[in-house]
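Scrolling down, you'll hit the structures one after another.
Two complexes come next, and they have one chain in common, subunit A, joined by subunit B in the first and subunit C in the second.
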Partner chain A sequence: MGNKQQAGTAKKVGIPALFIILAILPPFFLSQYWLHVMIISLFYVMMASSWNLIAGFTGQVSFAHAAFSGIGAYASGMVAVNLGVPPWLGILIGTGVAALLGLGLGYLCIRMGGIYLSLTTLGFSEILRIIITNEDKWTRGTMGLQVPGFFSEYSKANYYYLFLVVTIFLLIVIYWIVHSEMGLTFRAVLNDELAASSSGINTIRVRILAFTISSAMAGLAGGLYGHYLMLITPDIPSLGQMFLVLAMAVIGGMGSFIGPIVGSFVLETLSEYIRIYGEYHVLLFGLVALAMARFAPEGLMGIVGKKWRKEWVH
Partner chain B sequence: MNEFLMYLTNGIVIGVINAISAIGVSLIVGIMRVVNFAHGELYIFAGYFSYHLSASLGVPPLLAMPLSIFFIFLIGIGMERTLIRPTYGDEMYSLIITFVLSIVLQNAALLIFGPYPNKPPNLVSGATNIFGLYHYGNQRLLSFFISIGILLFIFYLIKRTWFGKSIRAVSQDREMSSLVGVDHLRVNMLSFGLGAALAGAAGVIVAPIFPVTPTGSSAISLNAFVVVVLGGMGSLKGCVIGGLALGIIENLGAAYLSTMYRNIFGFVILILVLVFRPWGLFGQKAQ
Partner chain C sequence: MGALIEGKGLTKSFGGLTALKGVDFHLDEGEIIGLIGPNGAGKTTLFNLVSGVFHPDSGKLYFNSKNITILKPFEICRLGIARTFQIVRPFLKMSCFENTLVGIIGRNDKNGGKEERKDEVRTLLKFVGLGNREQTLAKDLTLIEKKRLEMARALATKPKVLLLDEVLAGLNPSEILQALELIEVIRTQLKMTVFWIEHVMGAIMKASDRIIVLDQGEKIKEGKAEEIVSDLKVIEAYLGESDA
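Presenting the complex of A and B:
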């Protein structure tokens, strides 16, 4: 019994540690181009995993996740360009702005139910796009806002490690939330709202909290992304981007910790290969996501196998 | 003053079309608690169908319109049967599926019809003098009367026919209605088709006035959602009043405040409704 538990703990610590060691290696053997693909994949891991925190674990479908990443990017970019605030501080400001707007939207919609949240977040994304495109005095519209990077000397390897560290940090926070008492209430709310609320859980407050945390994470990811690309465009908060994030979570496996991570790497890498043939990757991913949602709602992680999943998810 | 009256008339004409489009969403929400995020895409497809039927295949425009609506009706039935039906009772998956479908259809439209705006031929030309005050385009007037006709038809269908009765029964109490012999799967399928057809109807009516583009679809969906929330989810009367209100506010706002922010007015209304009267004008307070 004790041995088994020890083996379990060793596995729980050992396997992630192995992955982290492996994750240090890419800059030593990948080309600049594939290192870029890895950095973008890490951005999508942050986005899909934090979206999964609300959608997969509390059943709230937000269509404003890309919008919040855009808010993080533009807030950080604009204070950097106009006030000379360093990006390190800027991304924290961006995260804060995304959290505040998330709290406001969540407070307004969540008490009315999931449908209202989805409708309003979709509207929010559209409106944000219109404002960013039209207020080109501040945002440079569709031309994009040029912003400074994090490092005085440009190095893809540095960006890779920066993204890696922040991604691991966010994943630890998400893992911790899901496995904490708060995560228990999340799942209680997802499984049976009535039972959860009658056993004394304030379901609305739990959902608003989850939505705020998730929006803040999107803001942080967006800020990093903007300063990495050094050009912030309305594509970051677009519904097309939102769709990619959603597809990564759905195809990888919603409601599982690993699913969105796998989905992000698989889809981002695939889209690099498909891009040669034109912009068909959106249509293809859409069809795959539809088939997955219809026939394999647990995604790739559900297909891979129950035993493996059991050890990792709960 | 005359200018103001013209903007107001524009608002009313667009408002009635808004109402048709919003009823398409509201019916589906009311009956099956499913929001069809692909609503705007169906609208766009209908516009392109009617353009290609009349401009490329030479079908008379007056026939191309109902034909396009019928195609959209069939697409709606197909969507319900293959994708929506398995999600009943799982709100989250139905939201995800219709959203993904909207992206798929939008990209398919770009691929099939290209990115350029298209406009089916006008049914009538010229303008009519309204009460000696201002001239108003005949195509818009005709669109207005067709829309009124469609609205009356929907109200008749839902308030007076057996099909309408079963729709109302299912939306009020699914279990009771199946106990008294309503086949709710069939009602769901037909109402999803009807909801889609209404998106199509709004699309073919608007297309000769405002050309359709594949990227215009999310604004159209959003417009319908604002009307549904403003009027109260599932309320037909709410859709008509809400549709007119949004049409008038958008047109006057675009004329006197800002054209660029035409679509913002709707979102502001949505937020105000959520703050002050989240159940909408004619919705039920307890949910």
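Presenting the complex of A and C:
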């Protein structure tokens, strides 16, 4: 028994450790272009994994996830531009603002549940986009808001490591949540809301909590993204972005821990190849995601290895 | 001293159909009360009102003299009323261990640390006879095991009152005996009040202190088992659907 347990622990620690070591290498051999693709992929890993936390683990399909990344990006960008707040502090403020607005939106619309949540979050995204586009005195509208970067000397390798560290941090938090008692209540709500409520779980609170945490994570990802691009545009909180994140989670495998990670790298890399034929990749991915949702609801991870998936979360 | 649970004039309609019509009832502490009646009589609906799944159109519900008529299911559960479902609803994609742990987490007094909660879950699973099923997903259980799991989950909330909706259905005679022993232990050792719905007449008559009979949404009779058995009106109500 001891041996088996040790082997299990070795696997649990060993595999992620191996990945982390491998993850340190890219700046040593990748071109600047592919390093950029990796950085963007890491941004999507944060987005898709945190969206998975609400959609995959509590069953709430929110369309406001890109909007919350935009809130994080603009909040951080605006305090940097107007008040000279350094980016590292700015992204924390952005995360906080996204959390607060997530809490507010969650409080208002989660009671409605199901399709109403999806519709309200869709509406929220649109309203946010309109505000950002029109309030160009603050946001510079479609021109984009120029913001400072993290490092005085621009280096893609530095950004790569920064994104890597924050992504790993977020993934650890998500893994911890999913395996905690809080995560258990998330899954209970997803499995059967009435049974969960009848077992003493305040299901509305659980769902608002999941929504708030997830929104805060999107805000953090968005803040980082903005200071990497150094130009924040309404594309960040756009619905196109939202559907890309959704497709990454669905195609990778919703409700699994690794699914959205794999989906993000695969789709972001693929879009680099497809992009030369025009901006049809989101549409294409959307269609693939629809087909997956219908025929392979557990996504790539469900197809590749049921067993492997099970060891992380069952 | 008042009743532990008291319902007054409970009425509930679904569209044009009145499932419950002005039902009065009460449960005293420590009792085992059976609820019987033909299919569609409104038994499950009464459980749904008591557990907060639905709210009555009119009438009032009290628990320890506190008005609980419009509380939500989780609030009622936390006050000390837990239930099982006639059509079982375990958390299918979660293990037996996790299913039961949810009941503890929901509690106001989830005393102690993680380890103590683990021990508590194991004790409960053993108690309902699922000791060797800890890591099995609920969807892989047999129907009878699912019912036991619901019982463990309900007990994990440490209720004062346990509502059991047809837990004996589908059991063979020896399993019924086991289940009856379990219910007796729940009353004597865990000091819970049991309110249960059953179609297995022999069992419910033998194990209940008091029987309430519903027919077409109305309480038509209430009393000790012997009185009920001898009451013709009740037998009539049953004749309509007997030899099923």
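To be clear about the criterion, the second predicted complex is superposed on the first by the 313 of 314 C-alpha atoms of A that agree within 3 Å, B and C clash if a C-alpha of one lies under 4 Å from a C-alpha of the other, contacts with A are read in each partner's own complex, and residues count from 1 in each chain.
The rule is simple: a residue touches a chain if its C-beta (ideal position, glycine included) is under 8 Å from a C-beta of that chain, and two chains touch if they have at least 3 such contacts.
Since this is a predicted model, take the numbers as computed values, not measurements.
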{"item": "More subunit A residues in contact [subunit B versus subunit C]", "value": "B"}
{"item": "Which of subunit B and subunit C A:283 touches, first, second, both or neither", "value": "first"}
{"item": "Partner chain in contact with A:185 - subunit B first, subunit C second, else both or neither", "value": "second"}
{"item": "First, second, both or neither for A:172, with subunit B first and subunit C second", "value": "neither"}
{"item": "Subunit B versus subunit C as contact partner of A:202, first or second or both or neither", "value": "second"}
{"item": "Partner chain in contact with A:297 - subunit B first, subunit C second, else both or neither", "value": "first"}
{"item": "Contacting residues of subunit A [partner subunit C, same complex]", "value": "181, 184-185, 187-188, 191-192, 194-203, 314"}
{"item": "Complex contact set, residues of subunit B against subunit A", "value": "29, 33, 35, 37, 82-83, 86, 91-93, 95-97, 99-101, 103-104, 107-108, 111, 218-219, 221-222, 225-226, 229, 233, 260-261, 263-264, 266-267, 270-271, 274-275, 278, 287"}
{"item": "Residues of subunit A touching subunit B in the complex", "value": "55, 59-61, 63, 108-109, 111-116, 118-120, 122-124, 126-127, 130-131, 134, 239-240, 243, 246-247, 250, 282-283, 286-287, 289-290, 293-294, 297"}
{"item": "Subunit C to subunit A touching residues, read off their complex", "value": "51-53, 72-74, 77-78, 82-83, 85, 89-95, 98, 101-103, 105-107, 114, 137, 153-154, 156-157"}
